[in-house]
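Shared chain: chain A. Partners: chain B in the first complex, chain C in the second.
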Partner chain A sequence: MATQIFNENATQERAENARLSNIIGAIAVGDLVKSTLGPKGMDKILQSSTARGDDGLVVTNDGATILKMIPLDNAAAKVLVNISKVQDDEVGDGTTSVCVLAAEILRQAEQLLDQRIHPQTIIDGFRLATGKAREALENAAVSHKDDEAQWREDLLSIARTTLSSKVLAADKHKFAEVCVDAVLRLKGSTNLDRIQIIKKAGGKVSDSYLSDGFILNKKIGVNQPRLIKGAKILVANTPMDTDKVKVFGAKIKVSDTAQLAELERAEREKMRAKVQKIAALGINVFVNRQLIYNWPEQLFADAGIMAIEHADFDGVERLALVTGGEIASSFDNPELIALGGCDSVEEIIIGEDRMVKFNGAAAGQACTIVLRGGTNQMLDEAERSIHDAIAVLSQTIAEPRIVYGGGCSEMLMSKAVDEAAKLVPGKKSIAMEAFARALRQMPTILADNAGLDSADLVARLRAAHYDGKSTSGLDLFNGDVIDVTGKVTESFKLKRQVLLSASEAAEMILRVDDIIRCAPRQRRG
Partner chain B sequence: MSAIYTTDEYGRPFIIVREQDKKSRKTGIEATKAHIMAAKTVSNIVRTSLGPRGLDKILISPDGDITISNDGATIMSQMAIENQIGKLLVELSKSQDEEIGDGTTGIVVLAGALLEQAEELLDRGIHPIRISDGFERACKIAVAHLDKVSDVIPWSKDDTSDLFKCAKTSLGSKIVNKCHDQFAQMAVDAILAVADLERKDVDFELIKMEGKVGGEMADSALVKGVIIDKDFSHPQMPKDIKDAKIAILTCPFEPPKPKTKPKLEITTVKEFEELQKYERDTFENMIKQVKDCGANVVACQWGFDDEANSLLLQHKLPAIRWVGGPEIELLAIATNGRIVPRFEDLSAEKLGAAGTIREVTFGTTNETMIVVEDCANSKAVTVFVRGGNKMIVDEAKRSLHDAMCVVRNLIVDNRVVYGGAAAEISCSIAVDKEADQVSTIEQYAMRSFARALDAIPMTLAENSGLPPIETLSFVKSEQIKQGITSLGVDCMDTGINNMKEQFVFDPLISKRQQYLLATQLVKMILKIDDVIVHKSDDQ
Partner chain C sequence: MAAVAASGAPKMSASAAPKKKNDTFNQMDKPTQVRLSNITAAKAVADAIRTSLGPRGMDKMIETGKKEVVISNDGATILKHMSVLHPAARMLVDLSAAQDVEAGDGTTSVVVLAGSLLSAAEKLLKKGIHPTQIAEGFQHAAIEAVKILEEISIPINLDDREFLLKSATTSLSSKVVSQYSSILAPIVVDSVLRVVNPAVDTNVDLNDIRIVKKVGGTIDDSELVPGLVLNQNAITSAGGPTRIEKAKIGLIQFQLSPPKPDMDNQVVVNDYRQMDRILKEERNYLLNLVKKIKKAGCTVLLIQKSILRDAVNSLSLHFLSKLKIMAIKEIERDEIEFICKATGCKPIADIDSFTEDKLGYADLVEESESNGSRIVQISGIKNAGKTASIIMRGANQYVLDEADRSIHDALCVIRCLVKKRALVVGGGAPEIEISQRLSQLAKTQTGFQSICFQAFAEAVEVIPTTLAENSGLSPISIVTELRNRHANGEKAAGINVRKGTISDMLRENVIQPLLVSTSAIELSTETVRMLMKIDDILAAR
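Here is the complex of A and B:
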């Protein structure tokens, strides 16, 4: 009957169909990443369709990484990918949990829709439930920021929880120390660029370490000192190849070779003057973001200055932070240039590569983690894991409250929602109960992934919570319900973000009753 | 080749429509009916978005990007409709959006309902022109009746509670009703901050919307100042500046680039050296000029040279580069500064002033924004929207814009009618009554117009899960019995039908515009009786 109002390649799904396609899409994504959840979660191999060989191969346990690499065509699935990405950007970890929780909420909602409950009523119920869950989570959150020893123990525990689901699980105690030390050096900053991770294939994973100095993955120029004690460092961003004349449209025109030679000499003189100006600052280490040509390099060598060229932008910024110097580009006012300093600068060898290490830096905010491992995939995954842990830790320092993991906080929230549902009249209470069930799915999945009897364990966990033991959680290694205080700790911010993002996304998907897909753009060629 | 042709008196053929097989043609009633069918299809799509319990749509663009929206105008414009009549409806909701900003779904539903009624009349053999005349008369009555049932809502700068309620009505159907009160308050505050109450005008240019994913919707806030999605040009510049004096520049911190391409030729060593000196002097001069006028922050529309950047740092001048055009204007308005196109023109009185400027970092990816607060001129505000994912932030921005439009409309004209389709029902009763006194065929058309108005409360009831016919007849009879025109459909199931008590208001001008524009469009569609479509030329 309907008149064609769209382009013929456009498609439209309406009402039940749209809802079904959305929910199925979301559940499919949830199921896809579900098996990676928890300390006994499994990894996934992702083979890129474009890049071949080693580059295209990724082995990972990180939800955000998995979802980023899968091209999805379902609208609801894309929403889940987006929340997982936001979770990654915002907190750094919990990317799997957020997807799984959203999918579980939608799975419950599907049953309610089958009972002919209006989507808006379900959403109202879910909102009430989210509010209650959040309240419960906030009440359960504790902060030990004042007690230093306990605080450090908390951080270590969070790092261990995060790392335990990753490839580094075997050495999680070691890496937890590494991550906590690195983050504490930041002194409250959340700028993770300051922590550099250097990956070098070879050796064992347990050979990795946190370098107390700063390592720059660059080489020292030829004929220059390899070790400098009491270094005075100038960090610069200036052309040291040919110093071009920047005035627009300037051109050199000569009529004979003698003039050309003179001009060349002038250029060299200019460069020499620049090097002299730099040398006159009284430095013995010069790090430049741009290239240093052979001629100035030689001049530096003559002056006994260690010159390092082509340190990338991040490297320069980090170095400036570590040494306390300023990144300079003009050298006419020596009194205005702040120089950096450190105890010693030396060339070291990691694996087969030479690098420059800055020891005993003045302002020690930045640091370097050196990762070793058997394969590139292993290193990549290790880097992702470390990054996740560091991100969570730095966010925890900003928001010091913690909650307990191992399904403890989920069960706590589920209990609070269930209890609140009993007091709500009308259909909303059914939706709230469904939300509580979705929350309980999280410990269930954790137990399932660990190969344990989830029905029994979760029922026991629930009983423990109703018995007033509000710090009970799952011990997935022994398959038991234990008091998780101090054992499995998670950041409050992470858990809160998971809850809010998941329910927001589920709500958004539930509200949709129509999907209109425009005709794909015709690509030429 | 086939063509429509006829012959003249000498028997020679002449062609009227060339190459008919490449064109499709519809005439008369057939054409009108096809149009009505198309319009109904379109309005059926957005119908389910109407009202506080309306649902959203997912729109997937040709490139695969996703928009999730409840806003009629957004849905219509992103649907990529190919049908001509469909496109007219898109234009309809767009003009409502541009003129009023809200009620973009309602207008399409109304137009669809009117056309549906027109179809029945056509079946009875009434001429399209008579139908449109009848609609026109009915529309006049309805609009006049709207004026009658409208109420003036008092508001002042101190008492904004009624404005707040109107904003809430507009936000009710959107996903942001999670933080209903907060967003409504933000909309009211934003508009009042920039409104010119003397002239009753609101300049939307002064309100900037910034969205950032992460956090939750409740973290959204109204910033009395400007947010710039940039960071300081040098990583070591101070991140927090108090009592800032801002030099707002539109000239780059780079060696001069004359617009007429000069040819500067260096032929001797001396010239080469002089040029070097000139270059250095230019930089130093720039910095000196900025410093001399007393500025302590620089916002520049262009980039900086590395050397300039370093010099700025050395002279303790924090700087922001690559600030976009609209942002730099906003910054200038907010800080009472002047945009300076040349370094030579810098002077103390041209600087902008702000209480604090600080760099704020979000999340783990080192994303930063610069917040300028406590500005000299409080007229410029920024609405900062946060949410769990990109789609939600976009939708929240759109919803907030709609709500701000509603508030703006009330500042321009503070008369309101009651929502929950109370106004439609009351108009429908009025039109029906008048229709009985009309002696011509138009009577039928006017009754149909009343039926079409009834479609709005029916849709509302349907979307809210209420029995549509039952609800409508109940409310209608109550309106007549009690003589209260503010009775409407109780979408939220609160047990109160009086919209005055539920505080559901719509601006009068928004409703009026809806009726007028929808009627106009329907008249236009009814007038078309012949369509010739060229089939795609590329074959």
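Here is the complex of A and C:
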């Protein structure tokens, strides 16, 4: 009978138990998302237990989204969720791959543990293997940044690879163009705020388009111009109802109604003065985050200024960013106010709604992707896919090297690790071989998901690589081993990140030999 | 060791725990189950509204959570009110809503079609075809189907009012108001033609067409009003006029009530004489406002609703009626734009800017009473913008609501024709044509694609089949007869529901916009593809 050290409800798992519980947890998470991998991967419905209505229903193929939304009760599983999140933030895509690879590495580690190999030895082996794999990957990476046509082709190919596993697969050529065009407009910046995505139910997915310029989902005030050329834009966050005295309890005491009427008049005059001050800046488009009441709206209309009220925080900030203006909230010092500009502002109709479009914005980088689709789930998933593709592309522009997909890079790394293992003395080499096997699991899963004979295909792929055809990969549509040059391309940064994050996470989980679960805090019922 | 592992396993779902044996079997089992459950749920939704398709389709009565009763034949409306729980079924509800946005009509057909495609997919799944291959095959088939539709479509000219009338009539024929289609169809067509410029416009903003619903009378009392109709009534409590000829209309966004600054205020009264003075001043203040309005020549005053203070008080109403100004209050802020466009007036937010140039002119503003309800009608407007007002009348609220939805559908049909100026015939004819041509295409292809094309071709036959079923005809004999006719080159042969035979739909004037049919095929295929790709339903936070 052990002495009780912990609180009553706290639990402890030790050594073998702890390790196995971790490994099993991680493998379970990997198995959960692995069917979404690759161009023939499947989607999942996530049904929320709390939110009802449309918010509670998500259909997705994106690993990070799936893992984020599933409540898990296993420490190791949470580590995997975390690396997938980090992958999402860093590169934007490969969120499933990173989880699956980590889980596969752990699956191999479990077998090594069965053979009574010490975890630290396994970790040493894995580290060596990771280093070798990384070297091989770096050697295989190529950059075509100097050759413009080839560079664009590479980007398109990367976008297609990313999109082919998503719901937009059927229109991947179109969306690849859309994404590449959008990202190239950023001119190397990785600030994706400038690419706006507007979702409108109705139409079909292939009706989506890239619109140069910024679209604001708001209406233009009554009686104001519907089209302005050579727009000078003031983006503001200022009360346009009345400038109230904000001191609590401020009150006016009057003795008769005439004075009250005068006060009302004075308030109106104050607003008129404010509008005049704004108009004096020489603008013809005024966008306010807050409401614009009827009175100033009329004044703006009289001054021939297009006034747009109630643009939300996000809209105002993006608009300021893309038009090159700054958000103003006081108008006494005209010299401090930076106006934005664009070629024209006009009202357009998308679906059934009217919106305002800013064409040819000063910063020149703005663009809007208008997504159409049958259902809200479709639109949400399309947005996530587009976001992934754009994120990967913008990262690729920053780090232009590319590698080949379709299991090609994995097989390449696995071969390098296998060969290196032969030269390593001691038990470490067993761990390295296991790592190579884990890498080979990736093409296996790709083939499995496509309903193909994975054992045969992967063996043929390995043979091809040992035969010196180092650009061989899987063609999952025809179930064959082909030369994937120019066909399935992936970002080098993405692949490297997947490798490093996955092996790091696996190492971290392997190192654990004790899980202590604190007693949950008692809530008073 | 394995036993230890199992006991040490944390709380994960049983299926997720790794198994060494039977691994593949278990992994293939669950996705199939999920897929079948999705298909079953989605088909249940499709079956629920299937009977409302076509001119002989039935209506559904729905009691909402708030104990309101909705009676409708419109697929989108029925589905919106059904509280569907299953995620796959909810996607079908969304699908119908999307068709409503895109085409406005065909909201039932799109769901029925999706249901039928899913049944076809289910059979293909049982044959062991990979779901993504089915999704792909259907996608290609849908593209071909749209091409076929475009090929057999008839281009039209918007000047051809006859054709527009016929398409509106087809859309209305399946609704509760079908016997009034000879009245409603012209209303719909004329109101759309009024707001668009047929030469340049490629879209219609339906916000420019206003439908005012009044209970009382029958549907054939409905009319397209020249000018503008207001929801609100004239205020007659102070004896104001209800009929003004040669009216000048002002739309104000300020209030005719005692001044109220936005800051907190207090009027301090020291003695009783001051009380008198305050009352007098209030009187003067209001009189002043009204006089200024009168001075600008305004004879009809529309007053925007304000949440902060009363729009008018009895005193100002009294002054207005003395000066023979007709007053209408409680105009909503979102109506302002429409009213401005319709009457050519500009909103006035302050008394000082109340000038004559902001007023609109109309020959007659009159509040008339008919069938127990009063409506304000403005006619003979000078400088009227491109707007249209329709007065709907009906015996009760349910009929009226359903008539409103039917009119909306018909408006959308005409809008579709403005967007894409081509027609196809109705009565199931295009579906049979698609089915036949796709089967022929299927024979020229190989592999899974061929099977998917064939399945798609059979699935679209659900539309004529359902039409026949709902009309009490024998679906088998009708559909086979249709196939025969189409095989002999009669592209326009469709089901004549009224006579219960097959005839040339073009001659029977059963036509619908191309966009409704293409959008139904595209959207339903898209949803089916999405459902095919799902292999798991997980509980999420």
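Couple of notes before you dig in:
Heads up, the rule we're going with is that the second predicted complex is superposed on the first by the 501 of 525 C-alpha atoms of A that agree within 3 Å, B and C clash if a C-alpha of one lies under 4 Å from a C-alpha of the other, contacts with A are read in each partner's own complex, and residues count from 1 in each chain.
Here is the rule we go by: a contact is a pair of C-beta atoms (placed from the backbone, for glycine too) under 8 Å apart; a residue touches a chain by one contact, two chains touch by 3 or more.
Computed from a predicted structure; not experimentally measured.
Aligning the two structures on chain A places chain B and chain C next to each other without any clash. Of the two partner chains placed around the shared chain by superposition, chain B is the only one that A:Gln395 touches, whereas chain C remains out of contact. Touch criterion met: A:Arg127 reaches chain B, while chain C stays clear of it. By the touch criterion defined above, A:Leu32 reaches chain C but does not reach chain B. Once the two complexes are laid over each other on the shared chain, residue contacts for A:Lys40 go to chain C alone; chain B is not touched. In the superposed pair of complexes, A:Met378 makes contact with chain C only, with no contact to chain B. In the superposed pair of complexes, A:Asp467 makes contact with neither chain B nor chain C.
Of the two partner chains placed by superposition, only chain C is touched by A:Met69; chain B is not. When both complexes are overlaid on chain A, the residue A:Leu263 reaches chain B and chain C alike. In the superposition on chain A, A:Ile252 makes contact with both chain B and chain C. The superposed model places chain B and chain C at 140 degrees from each other around the C-alpha centre of chain A, with the value given to the nearest 10. Once both complexes are placed on a shared chain A, the shortest Cα to Cα gap between chain B and chain C comes to 10 Å. The contact surfaces that chain B and chain C form on chain A in the two complexes overlap at residues 18, 73, 245, 249-255, 263, 266-267.
Those residues of chain A that touch chain B in the shared complex are 1-7, 10, 12, 15, 18, 22, 73, 75-76, 78-79, 82-83, 86, 88-92, 118-121, 127, 190-193, 237-238, 245-255, 259, 262-263, 265-267, 270, 317, 320-321, 326-330, 332-333, 336-337, 391, 394-395, 497, 500-501, 504-505, 507-508, 511-521. Taken in their complex, chain B has these residues touching chain A: 34, 37-38, 41-42, 45, 48, 53, 55-64, 66, 68, 70, 75, 78-83, 86, 175, 178, 213-217, 234-236, 254-258, 261-269, 272-273, 275-276, 278-280, 283-284, 305-311, 313-315, 361-367, 387-392, 395, 464-465. On chain A, the positions that touch chain C within their shared complex are 13, 16-18, 20-21, 24-25, 27-29, 31-32, 35, 39-40, 42-50, 54, 57-59, 61, 66, 69-71, 73-74, 77, 107, 114, 167, 170, 201-205, 222-223, 241-242, 244-245, 249-258, 260-261, 263-264, 266-268, 293-299, 301-302, 349, 351-352, 354, 373-378, 381, 450-451. Within the complex formed with chain A, the residues of chain C that make contact are 1, 4-5, 8-13, 16-18, 27, 31, 34, 38, 87-88, 90-91, 94-95, 97-98, 101-102, 130-132, 135-136, 139, 203, 205-206, 253-254, 258-270, 274, 277-278, 281-282, 285, 304, 333, 336-337, 340, 346-350, 353, 519, 522-523, 526-527, 529-530, 533-541.
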